[in-house]
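Alright, structures below, take your time with them.
In what follows, chain A forms one complex with chain B and a second complex with chain C.
For the complex of A and B:
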């Protein structure tokens, strides 16, 4: 199975709003998902420039192509689990 | 001073075990108009607060006198007269070593009762001849005066007797480490790493001295100053996107044209350089840290970091000292700054709207302010040559 790409914005504002905690997925992801994800940190994705117009607040995380706004550790893990489920159903 | 030469000054100190403050004082100053650097190390009688007062008074007075080119013997008399008298020993006393590096590469060194300075040239210790002076008023105190012409890659090392006497009481070092022991150690360090910075060498010497002590408890105040004469190491720090997007290209070209090391601080800034110069920038996971975003690598650039958080942390470490057991982006940037002599900041002044969100922590400062603080401390405390340009 192809790994699920988790792209975390680690620009300044995302970082202070919680991306720092999400980053820890890299080292201590729950056992059921640890092997199926690939963590990619990205410098500012510039989504914060459009908050209120297009997006809510950061941190911004992409799980494959799906954008998670106001991401938290739990939100990201849930999204990953959904993605895993989806790919198993295929 | 040979125009192209630069003097890096590195200082390391350890106070006597059980004391709260340093009895030795080190004070250095650059006088750019005269291309002159003065560095003074003084060891006050005793230890703790009393010694601290004696040695601080001595360095401050000596700095004023040397700066204004006052006659040395007279100045020393004034200094000795001015120092308060110790209740126990009934004398007023503090030693000093003064290094005064003047225009055209001439350096004069005045010493009173400190272990004599060491000059290292071409990886060898050089003995410099000195003249003795003593005042009729204070016959038992002689001042040694030496003069030399500095060459590139010269190092001058000043130590307090806490270094030469380190290890007293330790059966392995019945006479202490001694000046010669320290000199041999410094030579070995330089052989291992010929470009070792003054900062690193001074710290290595103090660490080694402390290692000699029983239980690693300093028996006296331990201080070391290293002056390193060398070609300036230049560093360009780019931080923040230009106010006007039309300037992006000009901004990125600074990277291509610069002769020296380069650091980029800021995600958006890195994105601009990446786009304009078609370089690839990748996150470096070895710099992982919970508090500071990771650094990245980019061809032709020595360090790429996030902006405000990293700079804020760098400022904190410049004030309080580098966190020894970390290797995050901020530590790397601080090392890069301290390892450079001439630092050119180019600051993009565009404000990041996302940072103005009141939900973000207060520490998120405006870039211009934090950069201003950083360059002031680099200039005043670390004596770096700094230029700043806003774009």
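For the complex of A and C:
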């Protein structure tokens, strides 16, 4: 199975707002997803600049093509699980 | 420790960003909206209701502005007024950790409780092993009399059904020196005489009830509203705290308005040289051992709580001290701002005439976010003074002792030992060493487990930060006793 790409924005805004903590996926991802993800550090994708309230929707994380706003460790893990489920159903 | 960022910490970052933004846009004209913006009506309250959430947020904002929530005299005083008061003050707010009493959930005191899992067994080891006869059998189940219980944990150890649970008070558990205790209403209070400003209580409180006074506004005022040169001194733990190279950070800070940026690792090089020389001297004089002195929380703990270890603590000053000395030597009129992972540095700075303010990485991050500066997009700019390998490795546990050992070489025998984390147990250990000696003669004491990269003011995960520190140290030139530091 192809790995699920987890792209974590590490622009200053996203990093300070909590992306730094989502990086703990690299070290202690739950056993059921640990082997099916590939973690990529993404430079600022300018998503914070598209939005009216500039940084309020960060940190941004992509799980495959799905954008997660105000991402948290929990939100990202849930999205990964959904992606795994989707690819199993295919 | 790899605990994903929790809500209480995340909220503190958001508050700092909002405050920085509020200052930069309209000097706090709209600051009273911050609690409302952070807790809009439609959100799920985390306490009893959004209104209490907002009330707590207001107190946390006060701390972010450098005020102490305990000093509130008028509840109607607005954040705007607090903000303006912050701009009027000319001295850094005194370092102080305090408890927001309405946020403190007054965690229950009794630490051991017998649950329904108790089978009311015939053996009753809990009752028989209790040294205070605090356990009786009520309705076929064991019960602890909280007035007699001394929290020894014997019952917890002996129950064959694991029916005894330990309910901790997180802040009290985290405080290594017993500085935080309950008042008659069960709310926590911090004894400033005992407090070593390590920040462990702040990091551990699940209700975000513990705050410390920030100096962020003061630093921004000095930069934006005065003609003074404001110099940032970046602690060696800065590696990995802001993605992008550390040289891009130099440029980012200048964009914000700092006039110069120094590496505290340069000061750490000086500390290494002096501490190594001091170690050789002490060993030749026949000392049992020597401990490091650069961790301010440990240094204060030694003064107040472990007096027997005082004669063994190195007299060498900290990297912050030597860096600030260099900064003030080249420009006595400038404002020197230490930026680091540490809350105890604020206390240290109060005794150091060369250091004007102390920021955490989190506060610096909030300033950069609020002004829309992305470190990674800034050009790389070299430091005026370049640090060496030894100074760079200070922030990871073992780094200080390692640096000293590499200079001592084979001049005298050096056997380093890491005291990684100033816990209650390690304080006992240090007391024992002071009395009976240790088999090692160079004790490195770090208050934060893992070193400064795990400090309460950090942004990055300590594991990732430690890697960044290691690879930066690997690119540094080795230091010797002869290396001249402070000459460009």
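Here is the rule we use: the second predicted complex is superposed on the first by the 86 of 90 C-alpha atoms of A that agree within 3 Å, B and C clash if a C-alpha of one lies under 4 Å from a C-alpha of the other, contacts with A are read in each partner's own complex, and residues count from 1 in each chain.
One rule holds for everything that comes next: contacts are C-beta pairs under 8 Å (C-beta built on N, C-alpha and C of every residue); 3 or more make two chains touch, one makes a residue touch a chain.
What you see is a predicted model; the values in this text were computed from it and never measured.
Engineer: Can A:73 be said to touch chain B (first), chain C (second), both, or neither?
Structural biologist: A:73 contacts chain C only, not chain B.
Engineer: In the superposed arrangement, does A:57 touch chain B (first), chain C (second), both or neither?
Structural biologist: first
Engineer: Scan A:44 for contacts with chain B and chain C and give back first, second, both or neither.
Structural biologist: So A:44 meets both chain B and chain C here.
Engineer: Applying the touch criterion given at the start, work out whether A:18 contacts chain B, chain C, both or neither, answering first, second, both or neither.
Structural biologist: second
Engineer: Just checking: does A:10 make contact with chain B only, chain C only, both, or neither of them? Give me first, second, both or neither.
Structural biologist: both
Engineer: Contact-wise, after the overlay, does A:28 reach chain B, chain C, both or neither (first, second, both, neither)?
Structural biologist: second
Engineer: Which positions of chain A sit in both the chain B and the chain C interface?
Structural biologist: Residues 10-13, 15-17, 20, 23-24, 26, 41, 43-44, which sit in both footprints.
Engineer: Within their complex, state which residues of chain A touch chain B.
Structural biologist: For chain A paired with chain B, touching residues are 10-13, 15-17, 20, 23-24, 26, 40-44, 46, 48-49, 51, 57-58.
Engineer: For the complex, give me every residue of chain C touching chain A.
Structural biologist: It is residues 2-5, 10, 13-14, 17, 242-244, 252, 362, 365-366, 368-369, 372-377, 459-461, 463-464 of chain C that touch chain A.
Engineer: Quick check: in the complex, which residue numbers of chain B touch chain A?
Structural biologist: Residues in contact with chain A: 267-268, 270-271, 281, 283, 285, 288, 290-291, 293-294, 296, 306-309, 352-355, 357, 359-361, 364.
Engineer: For chain A, which residues count as touching chain C in their complex?
Structural biologist: 10-13, 15-18, 20-24, 26-28, 41, 43-44, 54-55, 72-74
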